[in-house]
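Several structures are given next for inspection.
Next, two complexes with chain A in common: one pairs it with chain B, the other with chain C.
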Partner chain A sequence: MLARIASEVRPVLDGVFNAFYQYQDSFAFLVLSAIGLAVIFGMMGVINLAHGELMMLGAYITVGAARSGVPLPLAMLVAGAAVGLIGAIMEVLIVRRLYGRLLDSVAATWAVGLILSQGMLILTGPSIQGVASPLGSFRVGNTSYSWYRLLLGAVALALLVALYLLFMRTRFGLRARATIQNPEIARALGVDTARMYTVTFALGSALAGLAGGLYAPTATVVPFFGTNFMVEAFVTVIVGGANVLVGSPLAAALLGAINAFLAQTWGLYIARVGLLVTTIIVIRVLPRGMSGLVDRWRLRPTGAR
Partner chain B sequence: MLRISNVVGGYGRTMILRDIDVQVEPGEIVAIIGRNGVGKSTLMKAVIGLIRPATGSIGFKGQNVSHLPADRRAHLGMGYVPQGRGIFPGLTVEENLTMGELINTNRARKSLDLAYRYFPRLAERKRQKAGTLSGGEQSMLALGRILVGQPDLMLLDEPSEGLQPNIVRQIGDDLKRINQELGTTVLFVEQNLGLIIHLAQRGYVMDKGTVTASLGAQDIVSQDALTGHLAI
Partner chain C sequence: MAAIASPQPTLLALDRIAKQFGGVRAVDGLTLTVDRGELRCLIGPNGAGKSTIFKLIMGAEQPTAGTIRFDGRVINRWPTWRRAREGLSIKMQIPGVYPELTVRDNMRVAAQNHIPMGSMEDETYRLLARVGLEHAGEELTKNLSHGQQQWLEIGMALSASPQMLLLDEPTAGMGPGETEETARLVQSLNAEGTTIVVIEHDMAFVRRVARNVTVLHLGRVFAEGTIAEIEANERVTDIYLGRT
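Our next item is the complex of A and B:
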């Protein structure tokens, strides 16, 4: 009797686990692809088209460090730090000159991206030997799953929490939020806004580098590695809107469900189409993204005179 | 405290300020008076450092600060409230006040209590988004925010703008108390004659980007005396 119930319930639980696994995998991919782009766009209003190439650099640095004997997790952190530094240099040399000139900064960062990917192609050839995906796999029912992919889901969540704490609970975060709202007043109150922008750009770049490193073991590391992430990154940022802390998780939660479902049912191609269609619908209905909706709700008058 | 000498400046190539001389001694409350568009706000921006004078110099506490950006001047002890108050609507009251901490880095201990002492209303609303406050409360918030940094010089651009007369009087009283109890020097731009008479010890009249008259205490005793000067 019990055995019969178990044999009927078992496949259902397997299916539930499978859905959860696919969902958290999509969620992590969207969050990690977008997070660096989202920080730079949300905090500075700059669209960094070199985002994918910064992820690519993160992957190369991770692989390079890991293959020369650095433990893999440490290699990823090194990649994040190094790409953050590259971002700081990029801000000081180029992006800084183009604030308030959206299209110019788009063109300039696009050019930086091209230089990085073509430069990497010239330096290292069409691909380098990667690192194996760590941690191995486990089975639920008849399906095999990767521990590492589950870990990425946890890392994505942890990064969201860490960013939330950084921006909502620290002086740096407060000054960054004040600077986005009104840079002139922030400056008149003693905030070195120029340094604020450099640090923020470096932070977004470091997150891109770290994300690139995190996905390096899951894909072939090539100079155009970054293009794997660009659709997901942009779709998440657009659907999320300008408030990174609220928008990115909500967007990834929504898009992750759509992506996981479509990919499971009709395959990856349809899933991408689904993401783009969803994005178009969301920007028609909510021009300022999901965080625009939340902000409007939070800033509603609360009966004060 | 503040010495503005021969300042010429404006936005890009458009010069708004023409050869301005203004002096403020420690502990004084001084008004800048003039019609719309004569350059009062531009002068305040030049003092805090949001625009750089083309020529002339700005001295603060005996130091030439003409070459310093606004954030450095704030660190030295200037607290600036722009026209329209410049609160951060998306931040809470408490967060807005915390943003005053970087003013006057000489004063070691910064505490929001000073703001709450002069404006208890803010304590009741500390977790509320500043954008949801009434106009009067937003004015208190903007003043409380710089108070947190204990500035040596307050620069206030039309503190009465858009406020009910009873609230204007209240703010005037608060500023007087702050000046007397903390010794804070105040330079404020104002068009509301009532507030000027209530608060100012001296004043300067501005027209077309320059100072056209300097008013002593006896010139600021009544509306009639003032309007006479403003008509020039």
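Our next item is the complex of A and C:
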């Protein structure tokens, strides 16, 4: 009797686990692709088209460090730090001069991205030897799953929590929020807004570098590595809206479900179409993204409470 | 070129300041000094250049010519945030508060450069109490009355323990009761040693708080003196078409 129930329930549980696994995998991919882009867009209003190439640099640095003997987790952190530094230099040399000029900054960061990917192609050739995906796999039912992919889900959640704490609980976060909302008042209160922008751009770049490093073991590391992430990064940021802390997790939660379902049922191509169609619908209905909707609710007049 | 290095009563000195916006001279060779401990009112008809002068002092705008000295040092090239940290605080004409943050969070933003995190809660409470907002700490700032927002901004400016406080129309949009409260606040802050410069249109308020008044007209100092002298000056009356 018990054995019969078990044999009927087991496939259902396997299916549930499979759905969970696919969902958290999509969620992690969306969050990690987008997070650096979202920080820079949300906090500074700059669309960093070099975002994918910063992820690519993170992947190269991770692989380079790991192959020269640095433990893989440490190599990823080194990649984050190094790309953060590159971001700071990029802000001081280029982006700083283009605040308030959205299209100019888009063109300039795109140019930086082209230089980085073409430069990498010239320096290292069409691909380099990667690193193996760590941690191995496990089986549920008849399907094999990767521990590393589960770890990426946990890392994505941890990064979201860390960003929340950074922006809501620290002095840096207070200054950053004051600077976004009204730089003029922030300056009059003694906040060095130029430095806030540099640090924020470096933070967004570091997150891109770290994300690139995290996905380096899962893909072939090539100079155009970043293009793998750009669609997911942009749809997450657009659907999420300007508030990174609220928008990115909500957008990733929604899009992750759509992506996982469509990919599982009809394949990756249809999943990508589904993401873009969802994005078009969301910006038609909610021009300011999901965080715009949340803000409208949160900041409703007190009378409505 | 009388650069004096010894300690002096002058806290702020504007020397032949000019500011050109396109073809318009908003400030035209203005020279103005404010001594430590003063409570000075700047008055003048619309377009006299009053708010522009505050922007030049805080560094939101750069003068086309002239020098600005604060506490003996030329500050022309200092960024705004540095001026704020060195003792200049401003309450802007349009309340410079964050409408979508709570009152307490506004105070925290202002205080975080000047007050250690450990004493932040006590200090922000004390400052809110100073401007009469100790009960509104958790309120969203946009739900405060216009007058309360002005007081909040004064409280925020005070968190830096400024040497000089610039108040741009602190009673704009206030009723008589709030105006009286504001006058009391401004006077007591001055009595505690803060040098204050006020731009104000409300002559009753100016009469109530100021000892020294500077009249600006067409970007220059038109007249200077005690409130009695200024009110007795017929040429001042002439330029003030809208006087009540």
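What we mean here is this: the second predicted complex is superposed on the first by the 302 of 305 C-alpha atoms of A that agree within 3 Å, B and C clash if a C-alpha of one lies under 4 Å from a C-alpha of the other, contacts with A are read in each partner's own complex, and residues count from 1 in each chain.
What we mean here is this: contacts are C-beta pairs under 8 Å (C-beta built on N, C-alpha and C of every residue); 3 or more make two chains touch, one makes a residue touch a chain.
A quick note: this is a predicted structure, and the numbers were derived from the prediction, not measured.
In the superposition on chain A, A:Glu184 makes contact with both chain B and chain C. In the superposed model, A:Thr220 makes contact with neither chain B nor chain C.
By the touch criterion defined above, A:Thr143 lies against neither chain B nor chain C after alignment on the C-alpha atoms of chain A.
Counting contacts as defined above, chain A residues 171, 174-175, 177-178, 181-182, 184-193, 299, 301-302 meet chain B in one complex and chain C in the other. Per the touch definition, chain B reaches chain A in the complex via residues 48-50, 69-71, 74-75, 80, 82, 86, 88-91, 95, 98-103, 105, 125, 128-129, 131-134, 137, 145-146, 149. Against chain B, the residues of chain A that register as touching in their complex are 171, 174-175, 177-178, 181-182, 184-193, 295, 298-302, 304-305. Chain contact summary for the complex, chain C toward chain A: residues 58-60, 79-82, 84-85, 89-90, 92, 96-98, 100-101, 105, 108-110, 112-114, 117, 140, 142-143, 156, 160.
Of all residues in chain A, only 171, 174-175, 177-178, 181-182, 184-194, 299, 301-302 touch chain C in the complex they form.
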